[in-house]
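Take a look at these structures.
In the two assemblies presented below, chain A is common to both, partnered first by chain B and then by chain C.
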Partner chain A sequence: MMRVYLDFISANLKSQMQYKLSFLLTVVGQFITAFTSWFGLYFVVQRVGAIDDFTQGQVTICFSVIMLSFSIGELFGGGFAVFARILGNGEFDRILIRPGSVLLQVLFPHMDFTRIGLLLQAVLVLGIAIPKSGITWTGAKAALLCLMILSGSVVFFALFLLSATFSFFTTQSLQFLDILTYGARSFGRYPFCVYGETVLKFLTFVIPLALVQYYPLLYLTERKTSPLYALSPAIALLFLAPCLAFFRFGISRYKSTGS
Partner chain B sequence: MRVYGSIFRIRLINGLQYRSVALGEVLMRFFWGLMEILAYAALFRTGQGNFSMTFSQTVSYVWMQQVLFVLFRVVVGDGDIYSTIEEGSIAYELVRPVSLYGRWFFQSAAGRVVPTVLGSLPLLLIVPFLPGSCRMIFPSQAGRILLFVVSCVLALGVVAAFAMLMYISLFYLTSQRGIKIIVTAVTHFFSGGMIPLRFFPDRARAVVQCLPFASMRDMPLQIWCGTMTGPEVFWGMMIQIFWLAVLLLAGYAAMEHALKRVVVQGG
Partner chain C sequence: MIECEGLSKTYRVARREAGFGNAVKALFSREYETIQALRDVSFSVRDGEIVGYIGPNGAGKSTTIKTMCGILTPDSGKCVINGRVPWRDRKKHVREIGVVFGQRSQLWWDIPVAESFRLLRDMYKVEPAVYRRNLEELTELLGLREILKTPVRNLSLGQRMRCEIAASLLHDPRILFLDEPTIGLDAVSKLNVRRFVKKRNKEHGTTVILTTHDMQDIEALTGRILLIGKGRLLLDGNLEELKKHISPKKTLHIKYQGKTPRLFEGIVLLEEKMDDTEAMEGQMKLSLDPGGLSVSAAIEALAEQTNLLDVSVTDITAEEMVAALYKEYEI
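Coming up: the complex of A and B.
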C-alpha cells in the first residue's frame, strides 16, 4: 500500500520538474517572499533592539520557527490549497471509490515542493538567530527547538486542513480563513505575548500556536523552568484531532457536484 | 470612453454577486490591521523615540493600508486576462475594434476598484470609532484629503500599468506562478505593504522612495497620515506622474511588440 503513495509522490515530483524554469522561478519567488518578510521585521525591530522583554535575536528565533513550521506544513498540505478544485472537478469522487486513505490521496499527488524556497530561507535565518539569541544551548534545548518546529508544522498542517474542510460546506472560496494560515505566519514573527492577554489566550486554548512558539521560548530563555513549558509543543499536537474529526464530518456531508 | 465605462459596470455587477466574500474580506482586513497595530504598540512602548513616525501616524498608515489593500495590489485575480493569454482566446480580443492595451488597462483597474468599494471601504465605517489609541484619525484639513485622493488615483494608475507589463511578460514566459510570486513579494515590500517605507534604514529609503513601487502605495498613505507635507507632496506626485508615463509608454510598446509575434494555435 505504501508503495502506491510513494509512487504518487514521485510522479508528482517528476511532473513538477518537467517545467524546470517554472519550478525554479517559483522557488526563487518563495525565497524572496521569505526574505522580504525577514527584512520587514529586521528594519522595524532594529530601531528598538527588542520588543517588550525579548531581544532581537529571540524575536528572530520566533520568526524562523514559525516560518519553518509554515513551510513544512504547506509542503505537505499543498493538496489543501487546491482542495476546492479537487471537489469541483470530480477528482474527489474518484478518490472516494479507491480503497485507500482519502486524506493521503488528497495530499500526496499535490505536495508543493516549491516551498523549499521558503524552507531554505527560514533555515538560514535560524542559523543567524541561534548564536544571537543569547540562549545557552544544551542538548535538551536543541531538542526542544526541533520539537517546536515539528509541532508547529503539524499545527500549520492542521490549519490548512481546517480551512480546506470548509470547502465541503461552501461553494465560494473563503479567503478570510487565510488569516489563520498566512496571517499566523506573519504575526508569529513576534512572541505572541506582545499582542496582549486576549490574543495570547486565543492562541493558547483555541489555536495552539503560542504553545509551539511563546511558551517554549520562555523555557529556552530560562524565564520559566517548569517542564510544562518545555512540553507545551507536544500538547499542541492534540489540535490535529478535532481538525481531522471535522474533515471526516465534512466527508460524511459531501455531495458530489456531478459530472 | 463608453466602452471603458461599461467594463467598470460589468465588474461591479459581477462583484455584487459575492457579498459574503466581501464580508469575509472586511473581517480579515480588520483583524489583520488590528494585529499589526498591537505589534507596533508593543514596539513603541519598548522604545518610543526611535521611530520616524509617531504612533498615531503609524496607526493611520496601517488602517489605510488595510482599507486600500486590494486597490494597490499588483497581483490580483484578473483571471480573464491570464486565461485569455494561456488558452488563446486572445484571437477574439484582437478582432475587436478596441485597443487591447486600453481595454485590459481599464479592466484591471476596475478589477481593483470594485472589490475595494465592496470589501474594504466598509472598514472606514469602523476604524475611526475604535476605542483608545487604535483609532484612525482623519486628516484635519480638507486639502490634505483631496491631495490624498489625487495621489490614490495616480497610484492606481501606476499599479495597473505595472500589472500590464506583467501580463505582457506572460506572452513570452510560461511560468505564471513563478512570475506572480516574485512580483507579489517585490511590489508588496517596496511599496510599503509590509512596513511603512519610513521605517526603512535612511540610506535605503532614499533610493526606495524613488522607485516606481513607492508610487504605488506609500505616497498616498504618507499624505494621509501626515508624514509627507508641503513641497514633499508636490515632488511625490511628480514622481508618481513620471512613473505612470514611463510605465504606460513601456507597456504600450511592449504590447505592440508582443502582438506582432503572437501565435495562436488553430482549432
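Coming up: the complex of A and C.
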C-alpha cells in the first residue's frame, strides 16, 4: 500500500519537474521572498537590541522554528490548499471509492515541492541562529529543538487541515481562515509573549503554537527548568486529534457534485 | 446482495437572484433551498442480477449510486451491501465493488493506462497472478493492447471508456456500478460495452447496477428496471411488463401497392404516405389494441383490400415507454 503513495509522490514530482525552469524559479523565488521577512525581523531587533529580554539570536530561533514548521506543514499539506477544487471537480468521489486512506490520497498527489525554497531558507537561518543564540547546547536541547520543529509542523499541518475541512460545509471563499495559517506564520516570527497575556493564552490553549515556540524557548534559554516546558511541544501534538475528527465529520457531510 | 431501506437524503443549496444588488445582499443573509434528493427509497438486488436504474436528470440516480458506493452518507435509512454499510465500512466495502462514472475519469490523466492499472493493482492489493490473469483477459476482451501505453488524456472517449471499465474490474469486484457508461460513445463502442458487460455478468456472476438515459442499454442488458423521479422510487419491474402497463397497443407498419385500404373498427391511422402515385405504392402507420382486434385479423382484413408488400409489427419502444412513464408520474 505504501508503495502506491510513493508512486503518487514520484508521479507528482515528475509532473512538477516537467517545467524545470518554472519549478526552479518558483523555488528560488520562495527562497528570496522568505529572506525579506527575515531582514524585516533582523533590522527591527537590531535597533531595539532585544525583545522581551530575548536576544536577537533567540528571536531568530523562534523565527526559523516557525518558518521551518510552516514550510514542512505546507509541503505535506499542499493538497489542502487545493482541497475546495478536489471537492468540486469530482476527484474526491474517486478518492472515496478507493480502498486507501482518504487523507493520504488527498495529500500525496498534491504535495507542493516548490516549498523547498522556503524550507531551505528556514534551515539556513536556523543554522545562523543556533550559535548566535547564546544557548548552551546539549544533546537534550538539540533533541528539544527537533521536537519543536516536528510538533510545529504537525500543528501547522493541522491548521491547514482545519481550514480545508470548512470546504465541506460551504462553497464560499474561506480566505479569512488564512489568518490561522499565514497569520500564525507572521505572528510566530517573534516569541509569542510579545503579544500580551490574552494572545498568549489563546496560543496556548486554543491553537497551541506557543507550545512549540515560546515555552520550549524558555527551557532552552534556561529561564525555566521545569520539564513541563520541555514537554510542551509533545502536548501540542494532541491538537491534531480534534482536527482529524472534524475532517471525518466533514466527510460524512460530503455532498458530492452533480454528475 | 444489496438491501436498501428507507434511504433519504437532503441537500441544502444556497440560492440568490441574479444581479449585483442581490450578490451583495447574499453576503449578509442567505436563502437556502432544501432539495430532497432521496425520499424513502427501498429496494433490493440479488447477486448476479443486472438492474437498470432510470429517471430524468436530477431524479436521484447518482445520489443512490453514490450512497451505495460509500461516497455519500444518507440522512436516514439503511443500506447493507454484502453485509456491510458502505459509508461506515468504506475501505472494506469498496474493495468488493467496481465503479465507472461515465462523465468522469477514474484514471490518472497524465500517465499511461498501464501505469494507472499498476497503481490500482497496488491500491487494491491484487495478487500478482490474479492481476496478470485479469489484465490479460480484459486487454483481450476490450481491445486495449494498442492503447495501454498511451496517456489517458490522449485517448478518445470510446477508448477511455473501455479503459475505465477494465480499471473497475481489475480487482474482481462482486458488484459493478455503471453510471451512464455509454454516454457520448459511438454506435460500435456502445455495442462493445454492452456486449462486454453482459458477458461479464454471465461468466463471473457480477452484479451490475446501471444508470443510463439510453434505453437501448436497458433493452440490451437488463430485464429489471427501477424508475426514480424527484427522489422517490416509483416503479420496480420487468421491462416487458412495464411496456404492457404503459401501452398494450401495437404499431403496424405496412407498405402496399394498389388500392388504398379502407380503415375499419379497432384500427387507427397514425401516418400515411404515398411513395409513388403512378405505381400506386404507399405506406401506412397504424395503431391497434390487440385486446379488441388481433394482429392477424387486422393483417388479413388489410390484405383482402390491397396488395401488401411489407408488414411489420412493433411494441412501443423503450424510449416511448419512458416518456410515457415520466408523463404518468409527472416527473
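By definition in this document, the second predicted complex is superposed on the first by the 259 of 259 C-alpha atoms of A that agree within 3 Å, B and C clash if a C-alpha of one lies under 4 Å from a C-alpha of the other, contacts with A are read in each partner's own complex, and residues count from 1 in each chain.
To be clear about the criterion, a contact is a pair of C-beta atoms (placed from the backbone, for glycine too) under 8 Å apart; a residue touches a chain by one contact, two chains touch by 3 or more.
All figures in this text were calculated on a predicted structure; none of them were measured in a lab.
Q: Looking at the overlay, what does A:Asp93 touch: chain B (first), chain C (second), both, or neither?
A: A:Asp93 sits against chain C, while chain B stays out of touch.
Q: With the two complexes superposed on chain A, say which partner A:Val199 touches: chain B (first), chain C (second), both, or neither.
A: first
Q: After the superposition on A, what does A:Val44 contact: first (chain B), second (chain C), both or neither?
A: The first partner, chain B, only.
Q: Return first, second, both or neither, reflecting whether A:Ala11 touches chain B, chain C, both chains, or no partner chain.
A: A:Ala11: touches chain C, not chain B.
Q: Which partner reaches more residues of chain A, chain B or chain C?
A: B
Q: So in the superposed three-chain picture, is A:Arg3 touching just chain B, just chain C, both, or none of them (first/second/both/neither)?
A: second
Q: One more residue to check, A:Ser252. First (chain B), second (chain C), both or neither?
A: second
Q: Once the structures are superposed on A, label A:Gln30 by its partner contacts, choosing first (chain B), second (chain C), both or neither.
A: First partner only, chain B.
Q: Touching A:Gly183 in the superposition: chain B (first), chain C (second), both, neither?
A: Touch partner of A:Gly183: chain B, not chain C.
Q: Just to be sure I follow: which residues of chain A are touched by chain B in one complex and then by chain C in the other one?
A: Residues common to the chain A contacts of chain C and of chain B do not exist here, since the sets are disjoint.
Q: Spell out the part of chain A that touches chain B in their complex, as residue ranges.
A: Within the complex, chain A touches chain B at residues 19, 21-26, 28-30, 32-33, 35-37, 39-40, 43-45, 47-52, 114, 172-176, 178-179, 183, 187, 190, 194-196, 199.
Q: Please give the residue numbers of chain C that touch chain A in the complex, ascending.
A: Touching chain A from chain C are residues 11, 14, 58, 62-63, 66, 69-73, 87, 90-92, 94-95, 97, 99, 101, 103-104, 106, 108, 110-111, 119, 122-125, 179-180.
Q: Help me check something: in the complex, which residues belonging to chain A touch chain C?
A: It is residues 1, 3-4, 7-8, 11, 15, 90, 93-94, 96-100, 171, 251-256, 258-259 of chain A that touch chain C.
Q: Enumerate the contact residues on chain B facing chain A in the complex.
A: Residues of chain B touching chain A: 18, 20-21, 24-25, 27-28, 31-32, 35, 38-39, 42-43, 45-47, 50-51, 173-175, 177-182, 184-186, 188-189, 194-195, 199-201.
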